Structures are given as C-alpha cells and as structure tokens.
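What follows is a set of structures to go through.
Two complexes are shown next, each including chain A; its partner changes from chain B in the first to chain C in the second.
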Partner chain A sequence: MKKLLGVYHTNSDSEESLMIQEDGKIHIEFGNSKLFKNSTLIHERDKVIRDPLGDDNDVTGEGVFDFRYGPVTAGVGKAGVYHLFTYGERILRVKIDPSYNRREVDKRMEGKSIEESLNLAQNICGNFCVSHSLAFSRAVEEALEIEVSNHVKILRAVALELERMYNHMYVISRLAAAAAQLVLTSHLQGLFEDLLVVNEKFSGSRFLRNFIDISGVKFIPTIDVLKDVSENVQKISTNFSKLFEQSLASRNYIDRLHSTAVLDAKSAQEIGLTGPSLRACNVLEDLRKGEEVYSSLRIVTDEEGDSLSRMEVRAHEIIESAKFIVESVQKLEIEDRNVNEFLPSNDGRGEGLGACESPSGSVVYHVDIEGGKVKKLYVSTPSLFGFAAITHSMCENNIFTDFPFAVESYGVNFADAAR
Partner chain B sequence: MKWWPIVGITKKLTKNETYDSKIAVEPLKLFKKSFHLYMIDVGNSNQLNFEFYALHTPRYNIHRFGIYFAASPRHADLLVVLGNPTPQMVKPLKETIRQMPEPFGILLINGCDETGVDLENLKLPNVVATMRGCPTASEILAVLLKISGRTD
Partner chain C sequence: MNFMYFTFLFFVFGALITFWKKTSYLMATFASVFAFITSIVGLNAPFSSGMYKIFDGFELSVGIDHTSSIFLLIASISWFAIALYSIDYGVNYSKKMPIFLNAAFFGMFMVLTAKDAITFMIGWEIATIFSYLLIMEHKHSFKEAFEFLAFGEVSTISLIIAFASLYFKNHSLSFVGTHGTWLFLLMATIAFMTKMGIFPLHTWLIGAHSRAPSNVSAFLSAPLTLMGVYGLVRALSISGQPEWWGIMAMIFGGISAFWGALQAVAAKGLKILPAYSTIENDGTILATLGLSITAFAFQINVLGEFAMLTTLIVTFSHVITKTLLFLAVGHAKEALNEESIDDVRGVWKAVGKIPAFSMVISALSFSVFPPLIGYVAEWMTLETLFQSYKIPSMTARITAAFIGILLALAMGMAAFSMIKLAGYTALGYDHEKRAKKIPHFNMNLAEIILISVIAGAGFLSPLVVKLFGYKKFLFGLLGVPKPFLIVSSHPIFGVVSPTFLAIVACVLGIFPAIFYLLKKKRVRRVDAWNGAIALKEGEYFSAPAYSFTLEYILRKVYATKEIKSGNKRYVSVKDVIYDMYYGLNRAVKSISNVLSATLMNGHIYSYVLYTMIVFIFIFFISR
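Up next is the complex of A and B:
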C-alpha cells in the first residue's frame, strides 16, 4: 500500500511531487496529495497534530475536560504539549502540539554548503543523528552521482544498528518504568548506558555524532575496536534476551501493554506510519529490505498492533541488530578498507532522494543542490506520523493511565517531529 | 513467576569513577546532604534528554551523592535548562523559574544545536554554571557535584 510521507513541490493541486513509500522503497511521483488521508497532516505539519482519520472538531460537553499535558510537567519533560480531551478517566480525543520544539533546522540548511547542512541534519534529532545524516548523505550522493564503497556501506549499517539498539533499549526501559517494574527498568537502563559506551568506542561519540560523511564515514574504527564492539554488543544482547524473557512472565507488566492503543494495519498505513510501529501491525515493511548489506537480516513483525506488539518488535529488533553487527564485523575484517573522499566543489548540482530506516521509521530527505550548496530541501521525519498514530490509537477504549504506554511505545519525540 | 536475576548483588554495576570538571561553578552552599533538581527541555535536539536519562542508570547511581530528580520545580533546589529556548519556550521557562522556591540555582546547558534565543540575553537569575555544547552524563555529574559542594 502506498504511504504518503511528504509533498516536496506543489505547482497546483493535481501537480504535486509526492514522497511515497511502497514495498520498502521510497520514490517520488507526481499526483494529488488530497487523494491521501494524511494530506492535511503533511501540509499542516508545523501546526497542531490531529487524528488524520477522525474529524477536526474538539470534543466539548458536560464533563469533558481538555487536560493540557506539557511542556513543563512531571510526566512530559519535553518541549511539546498533549491536549487530552477526557471524560472522567476516559480519553475521548488527543491533539499534540510539537511546535514548542520548532527550531527550523531544515530551513536553516537551505543556502548552506553541503558540509554545513550535514552537520545541521544531525541536529534535527540528537538520538536519530545517524539516521538523519545518513539519509541526507544518500540524497546528496544521488544528486551528485557519488559512488559509495561496500566497506563504507557496512560501517554505516553498523552505526545505524547501534543507533537502533540504544533507542529501542530506551523505549523498552521507559515502558518498564511506566509500569513501575523497577528492577527490570534498572537493568534495562544499565544496558542502555552500556550501549552508549559501545557507541563511544565505535565512533568517539556516545550518540554516534559526526560519524557519517558524504561518500564515506569520518572515522574508521580499527579492527581491534570493531572486535571489542562486536563482543560487547553480543554480551548486551544476551543479557537483554534473558531480561526480555523474564519480563514476559510478569503479568503486572504485560497487562499494562496488552490491548493498549491498538492500531490496525490499514489505519497505520493511511496515517503514513513506518518503522517498528507499522511492523507491529503485521505489515512487513522496512527500508533495509532492499539493501544488499542487509541480505541476512530477519525483519520482525507482530500481529496485535498494540503497545505490547510494538515493545516486542523492538525487543526482537535489538537481538537481530546485535546479530547483524556481529556478522558485519566479521565481514569488515576481510573487506578492503576502501573509502572515497568527498571533495567539496562550487559547481555541483542535481536533485537527489535519500532515505534510511531509523529506529522509529523512515527518515527521508529530498535535496536540490546548486553551486555546491543546498538550494532546496524537504525532510520527512517518522515522529510526525508516530504522533498522528498516537492521536488515532488513543481514542478508542483507552483511559488516562494508558497514556504513557501509548506514547512511549511509538518511540517518537518532539525534536524529530518539529525539526 | 520467576524471580528477577539479582545481577546487582553479584556484579557491581556502578563504575568506580572520579568526576571532575574544569567548568567555573558557583556552589550553592545551601545543602550538605542532598539536593533536588528539576530539568526543563526548552527545545534541544533530544540528545541532552537522553544524557540526563543516562544519569538515572546504575552506572552513575547519583542517589549515593544525594542528588535526586524532582517532579516539580516547586520541590527543586536547582533548575537545569536543556538547550537554547525556542521562542515559544521562553514564557514557560520564565514561569518555571517563578515557581522555584528561594533560594535556588540555575544550570544552563546550551546543547549542540545553535538555534533559539541566546540564554545569556535572557539574563536569568541565580545562574550558577553554564555548560557549552552537549556534555556527557559524566561531565554533567561532575558539575552537579561541584554545585552541591561535595568533594567525595
């Protein structure tokens, strides 16, 4: 099923350049965005996010209360606001305002050199900085017809999987904390910190900042470092597997996640949802599917579409990513350490589309380069669609205390959505 | 129902590290045993939120230093400001400062992103330290210890 992820250029209503994801691939096609149910969400993405599949009106009436949650509250410690329309403890409708975190990073990339823009791309979302810099680099490489060596492709994939592992660990530890599973939370937090330490060993940065470069990577780890990373990742994965198995035996924990914020596959795709949250609705959709370096990767899906399914998909992805990293390090030991150097020039021009599977879904960049500078740019981030999915899935049979399990299970954040 | 593996008893998760910082700090000089902090994200790239989450982990075990996270600015001794504020977050930031009980301190962490309103131009009261860029959890803990006046 086609998913609309962005509208890059509009001439008229019927002549728009649409960013489409279909069967694990991204492409641009011309058409009318209004034929997609998430058209308003995309055109008004800097405003308040509402359920793209529901009606636009606020719920009013006796006993209905707009509970404004954020930006400075104990539960929402981030720059954004949730409007929860409640009747007693039942949640009737949700609106989300990420504009408090709007920094216009994407706008500031326009007119900048490619190197400056690459640096800015990772500032869009600090915990997805590999995903953003990789998608941007791929768009530039397509625009300027730059070849990337196999060695670089594998190193980039390892960085992306390390990013996936620590983000998934964060999400699962947050879910465990929301369910007051203090022992489990503490163990998972320990593994989360261990993964940040591994990132630092691999790239020199706990969040893998400044690792991706146009046509290559900025830092090539030695074989000894790679072996150390591989051993540590394997150890973390083994420890996590035991904890995950234990956690599934705890009804106190599982009951909080089961049947919470259920989303069906059709609605998820109409909203434009991608990533593990879509795969939790039993849709086998992943941008890594089409990449040669990921040929041995098992794509994980689940059937229920609830918070439990989303947690389980992420848990299995941690284990799969660890396996992938271990295999990749073995390949890197025998691979030619061949990296093309990118030489900035003032006459580079072209248009390019680049994407990658971030921990929470597809990050897509379309760039228009002229005179070695970014003339125009459009970035589609997964958190926008994740928040829209929250607004839709929270409105049926959910109560106030389900809220943290719904929000955390989608793994979204305001910085990514607001850019 | 199985018992949770009691890893913490058989394996020490807290690293035996020393935390030191060269950043100029004005110690609060108020608390000998403990202090509570409240953090406010005013529009950072989310990396600082993750670093603060890392501070909750057993590796740092910050409760041994008497450092606790408060759920409300009204219960806090120190306000930690994460990032440079977006225009929309200036008002909530000032309101949060108004809610802090006297005496209090403010720690500013600018973040890697150079967007937003310059914190120095806002002339916030009681700023006890400023950290540039995106510091790691260890660096943040070192500054928190310096603010609290603890040397152990």
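Up next is the complex of A and C:
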C-alpha cells in the first residue's frame, strides 16, 4: 500500500511532487496529495497534529474539557503539548501540538553548504542523529552521484543499528517504568548505559554524533575496537533476552500494554506510519529490506497492533540488530577498508532522495543542490506520523492510565516531529 | 400560649397582606420568631388549649408538649431564615408567593401543635397543597409539582387509613390517651416516609427541589421533611415501640442514606445534589430512630434515649444546614442564572463572599468537619451504631451492623459530593461571568444567621443536648468541665467535646492569625497555570469529570452510559428507581385503556354492568 510521507513540491492541486513509501522503498511521484487521507496532516504539519482519519473539530459536551498536558511538565520529555479531551478518565480525542519544539532546522539548512547542512541534519533530533545524517548524506550522494564503498555502508549500518538498539532499549525501559516495574527498569537502564558506552567506543560519541559523513564516515574504528563492540553488543543482547523473557511473565506489566492504543494495519498505513509501530500491525515493511548490507537481517512483525506488540517488535529488533552487528563486524574484519573522499562529480548540482530506517520509522530527505549548497530541502520524519497514530489509537477506548503506555510505545519525540 | 396564637395570627395576616410583598414576608418572619418563643416556652412548660368538641369522638385541640417543642424550635429557625431571605429573593416572583409561603408555614405550625388527628390532617393538607402551589411558582414546573402532589396525596390517603384505624380502636382521634394498632403504625409510617423522601419513595423530591424557586427548595428540603420525622415520632408515641418497626426503619433508613449519598455523588445539577443529600440525611434520621425504637423494645433505655437524642441532633443539623445550603445555592443560581454545578463556578468572586462562605460552611458541616453541628450529629450516629451490640436480638444486631456499613459509606460519599458542590461553586475558578445585581441584604443576613447557628450549635452542642432535655448525656472528665463533654452511654462508652475542640482550635489559630496580620505581607495573585502557561476557559477540570471514575466503576448501579452524538460526548447516569415508576406509570395507563375500552366505553349496557359490579363489591365489603 502506498503511503504518503511528504509533499516536496506543489504546482497545483493535481500536480504535486509526492514522497511515497511503497513496499519498503521510497520514491517520488507526481499526483494529488488530497487523494491520501493524511494529506492535511502533511500540509499542516507545523500546526497541531490531529487524527488524520477522524474529525477535525474538537469534541464538546457536558463536562468535556481539554486536559492540557504540557508544554513544560513532568512526563513530557521535550516541550510539546498533548491536548486530551475528556469528561474524566476516558480519553475522547487527542490533538498534539509540537510547535514549541519547532526550530526550523530544515529551513535553516537551505542556503547552507553541504557540510553545514549535515551538521544541522543531525541536530534535528539528537537520538536519531545517525538516521538523519545518514538519510541526508544519501540524498546528497544521490544528487551528486557519489559512490560509497561497501566498507562504509557496513560501518554506517552498524552505527544505525547501534542507534536502534539504544533507542529501543530506552523505549522499553520507559514502558517498564510507566508500569512501575522498578527492577526491570533499573536493569534496562543499566543496559542502556552499556549501549552508550559501546557507542562511544565505536564512534567517539555516546550518542553517535558526527559519525556519518558525506560519502563516508568521520571516524573509523580499529579492528580491535570493532571486536570489542561486537562482544559487548552480544553480551548486552543476551542479558536483554533474559530480561525480556522474564518481563513477559509479569502480568502486571503485560496487562498494562495489552489492548492499549490498538491500531489496525489499514489505519496505520493511511496515517503514513512506518517503522516498528507499523510492523507491530503485521505489515512487513522496512527500508533496510532493500539494502544489500542487510541481506541477512530478519524483519520482525507482530499481529495485535497494540502497545504490547510495539514493545515486542522493538525487543526482537534489539536482538536482531545485535546479531547483525556481530555479523557485520566479522565482515569488516575481511573487508577492504576503503573510504571515499567527498569529491562531487557534477559541479555540486543536482537533486537527490535519501532515506533510512530510523529506530521509529522512515527518515526521508529530498535535497536540491546548487553550487555546492542546499538550495531546497524537504525532510519527512517518522515522529509526525507516530504522533498522528497516537491521536488515532488513543481515542474513545483508552483511559488516562493508558496514556504513557501508548505514547512511549510509539517511540516518538517532539524534536523529530517539529524539526 | 399567647405566643402560639400570635404565630397563627401573623401567618394569617402575612397571607392576607400580599399586596405588600415585603411586608407579607416580614409577617412570616415575625410569626417565625413567635413560633420560636412558643417552642422555648413549650420546652419548659408544655401547654394545651383544651378540647373543642365538634361531635362525639371528634374534638379539635392544639398545644405544645416536649416533643413538638423540639421540632417547632428546629422548624422555626428554618422558617425565619427562609422568610427573611424571601424578602429580597421574592422580588422576582409573583404576589401569590407570600400567600402560599405564609399558608404553608401556617399548615406546618398546625401539624406541630395538633393534639388530634383532624387538626393534624388539616395542617398536613394545607402544607401539602400550598407547597404544590409554591413549586408551581417556577415556570414550566407543572410536571414536578404534580408529581409532588401525587406523592403528597399518597401520604394523605395513608394517613386517613392510619387515623381511621386509630379511631376504630379507640373511638377517639385524640393523640392523648389513645393507642395505635400495627395498621395505624404501618400506614402512618408509609405516609411520613413519603414526606421524608425515603427510598424508594424519594423521586418526587428530586424534581420538586430542582425546579422550585430556591426559597421553596429550602422549605421542601428542611422544614417539610421535618414534618415527616415529627409525624413518625408522634405515631410511635401513640403506638408504642415494636421491634419490627425498628428493624424496618433501620433497613429503609440505611438504604435510603446510601442511595441518596450515591446519587448525590453523580449529580450534576446545582440543586439536584442537595436534593439527594436530603434523602441521605433523612435516611440517617430514620435509621437512628429505628435503632432507638429497637433498643426501647428490648428495654435498653439508655441506648434508646441516646439514639433518640441522635435522631434529634441529626434532624436539627440537617434542617438548619440544608436550609442554608439551598438558600446559598439559590443566591448563586439567581445571580448567575445557571443550573449546573459546572456553570456556577467562582461564587466567591462573582456573587459574593457570604453566599460562598455559606456553601463552604454547610458543605463542611455535612462533611463532618469539627466542631460544626454536622460533626456532632455524625459522631452520635456512629456511637449509636457501635452500641448496637447491646441489643439481645441477633436479627437486630446483624441489621444494625449492615446498616452501620451503609451509613459509614454514605458519610464518606457525602463528603465527596459536598467537596464537589462547594469546591466547584464557592471556591472554583470563576468563569469571569458577571452576576446579576439583585437586592441581597436580607439574603445575606439570613445566611449569616444560619452560619452562626451551625457554628454555635456545634460549638455549644452540649447546651443543645441540655435544651432538648437529655442532660444525662452530659458529663465532665479529664479537665473538661461538666457539662461540656457529651457521653454516649452510662457507663461511659464514647465521649466528645466539640466545645473543647473549638477552644483548642481557636488558641492554636490565634497566634498564627496574629502573626499573619502583623506581617501584612503583600499578596500577589496570578492566574492558575498548568504546564507553564495560564489555563484557558475550556481547560479547567470539570465537575462531571470529578465523579466519572465512580460512575464508571459503579456503572451497573448508575446505569452509566457514555453517549456519542456527532462531536458531542457526555455521560448519562440515572436513578434506576425512576424506571420502576415509569413501568408503574405505563402499567396504569395500559389498564386504564383496557378498562375504558371495555367497561367505560359509552355503551349503556356496559355502564349498567359496571355499576352493578361496584354495587355488589361495596355490598360485600360493607357486610
């Protein structure tokens, strides 16, 4: 099923450049965005996020009020507002305002050099910095027809999987904390910290910043470092597997996630949802599927589409990413350590589309480069659709105590959505 | 005795000079003062006017004994406040209202002073009919007024049967020297329970209270239901104290208290919540009266007397506090012209400090806040129930234990609902609404007087106990001088001294107050905020949301429905007893249709057949 992720260029209603994801591949096609149900969401993404499949109006009635959660309050990680319409306990409708985090990073990238823009791209969202910088780099590389060596592709993939692992670990620890599973939370936070230490060994940065470069990587770890990374990742994965199995035996924990914020596959795709949240709705779609370096990767799906499924998909992805990293390090040991220099081959001019599978879904960049500078840029972030999915899946059948389980399970954040 | 005649006279005079509305209400105020004096005189020296014989067995008589004095004292305070309040409040209503109000007070005064069934019935009917007319003073309230009248007439018919039974047994309708049968007591109980709005005979009370003008709501809730309590006490004094009645009263009282409190929690209407609170209070009164009668039935006289004192104190607390609550709520409702709790927020700022403070004080009293009179009443209720183990009957003990659970739950829920009412209306964030300018001097004065009575009667509750003639429950212990300690039994079972509590609270409060006043700190007021920005109008936590969790958990009891209609969402709860009456109503209509189609169908033969059947039926009955 085609999913609209962005509208790059508009000439008229019927002639728009649409950023489409279909069967795990991104492409641009011309057409009318209004034929997609998430058209308004995309066109008004810098305003309030509403349920793309629901009513645009606020819900009213006797006793109904807007329980505003945010912008600055405990439990909301970054500045943003959840408007929860309720008559007490039952969540009737949700709208989300990410505008407090709107920094216009994407706008500021326009007119900047490619290097400056790359730096800004990773600033869009700190915990997705590999995803953003990689997607941007890929767009630039396509625009400027730059070839990337296999060695670099593997190193980038390892960085991306490390980013996935620590993000997923964080999401699962937040879910455990919301269910007051204090022992489990502490163990998961310990593993999260271990992953940050691994990141630092691998890239020189706990959050993998400044690792990705146009046509290459900025930091090349030695074989010994890679082996160390591989061993540690394996160990973390084993420990996590045990914890995960034990956590599934806790009814207190599982009951809070089961049947919470249920989303069906059709709605998820109409909203434009990608990533583990989509795969939790039993849709086998992942941008990594089409990449050669990921040929051995097993894509994880689940059936229920609830918070539990989303958590389980993330948990299995941690294990699969660890396996992938171990295998990749073995490949890197025998791979020619060839890294291209950034040498534009078409006078710094062209258009390119770049994407990657971030921990929460597809990050897609479309760049228009002229004279070595970014002339025009469009970025589609997974959190926008994640928030929209929250607004849809939280309505009517959920209560306030479900809220943290719903929000955390989507692994979204305001910085990513607001840019 | 002259004061009694003055009372009658002033009520009649007040009803006649209705062309001067304010003077008419003022006459009712004076009459209430005379009624109060009559009660004080009656407490010390009961008197009677003597018999006015009409024919054999039918004598009319009025007078005051100890029991009627207590009830008259309570009623007169409420009448006084309502009449004084009506001087300002009545400006917006017709000239007929003071006639009806004076006449209704007159009827109630007759009930309280009646020494025979005929006088009692006349007073009862006057009070009922003029109450009906008072409810009708509010536009579009015919249905509720008619419902009140229907229940009122059920009460009257039950009373006629009761008094007929009394006459057949004693060949006299006098309350003195006669003895009632079980039928008398049963029918009288049904009559008075209907007037008190006891479950499941309470539905009239909700519509009538919420639709009537607020001074009438106060009148219906407080002095009129008081007549029911008085009727029960009077009926029991005629028929003795059977155990079955005590157990039955405990069951109906306990269920009523629980049901009233439960429905009050979910109430959204400004006057519906106090109306259900009335059902709860009247249920508590009936339950304690039931325990008193059960104890007397087993000759446990100390417990019986303490339970009777509890009944009187709870009654006193309910009547005075509920009068204040309805008057204050009416004050706010009139000024803001709104019906729901959610829409009458910010009374303190928008309407005035006195009505807001009145709401808070009455809510605190109902929430058992020491040393207010409500605290004393609830303490006594629990002490009475704790002593039920002294009753030898296992049935009575088990009943009392379960009723104790229901009453304790009711008390908790009452506090919950009162926080909802006062918290949202008196102390809630205001809507920036402008209150309508209404004359309010007398309204404020009436509210201040009632606040003083609630606080004073709590603070000096030992003196109230003494005034009611139960000084055997006053004691001195551990530095608290006699008579400022109330004891619940002899030998001592439990003790409380609201006076001592109040003095300690005052001493502890004086120094912080002096310190606070001397500091003269500037108070900086800011808008309420959440998440770093000021709250907007639609972001305040609503009153229905406050109780939704309970409505959802008890959805089977409340028949809770979450309604969706387009973009509108709301929660619907109902008192399922209405369904019972709705079913009854439909059944009566169906039978009526069948009868009109068969027997009364306009054909002469059917008519003759119908007449003959009725004739034969009456013939056999009369044999």
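Quick note on the criterion: the second predicted complex is superposed on the first by the 412 of 419 C-alpha atoms of A that agree within 3 Å, B and C clash if a C-alpha of one lies under 4 Å from a C-alpha of the other, contacts with A are read in each partner's own complex, and residues count from 1 in each chain.
Assume a residue touches a chain if its C-beta (ideal position, glycine included) is under 8 Å from a C-beta of that chain, and two chains touch if they have at least 3 such contacts.
Since the model is a prediction, treat every value here as computed from it, not as a measurement.
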{"item": "First (chain B), second (chain C), both or neither touched by A:258", "value": "neither"}
{"item": "First (chain B), second (chain C), both or neither touched by A:61", "value": "second"}
{"item": "Which superposed partner A:72 touches (first chain B, second chain C, both, neither)", "value": "both"}
{"item": "Comparison of chain B and chain C by chain A residues contacted", "value": "B"}
{"item": "Contacts of A:112 with chain B and chain C, given as first, second, both or neither", "value": "neither"}
{"item": "First (chain B), second (chain C), both or neither touched by A:323", "value": "neither"}
{"item": "Contacts of A:92 with chain B and chain C, given as first, second, both or neither", "value": "second"}
{"item": "Residues of chain A at both interfaces, chain B in one complex, chain C in the other", "value": "71-72"}
{"item": "Of all residues in chain C, those that touch chain A in their complex", "value": "268, 340, 342, 530-533, 535-536, 538-549, 552, 562, 564, 567-571"}
{"item": "In the complex, chain B residues that touch chain A", "value": "1-2, 4-5, 7-8, 13, 39-51, 53-54, 56-60, 71-73, 86, 88-89, 92, 95-96, 112-113, 115-116, 134, 136-137"}
{"item": "List of chain A residues in touch with chain B within their complex", "value": "71-72, 74, 77-79, 99-105, 108, 122-127, 129, 170, 183-184, 186-187, 189-190, 192-193, 196, 206-207, 209, 242-243, 246, 249-251, 413-416"}
{"item": "Contact set on chain A toward chain C in their complex", "value": "55, 57-73, 76, 81, 86-90, 92, 396"}
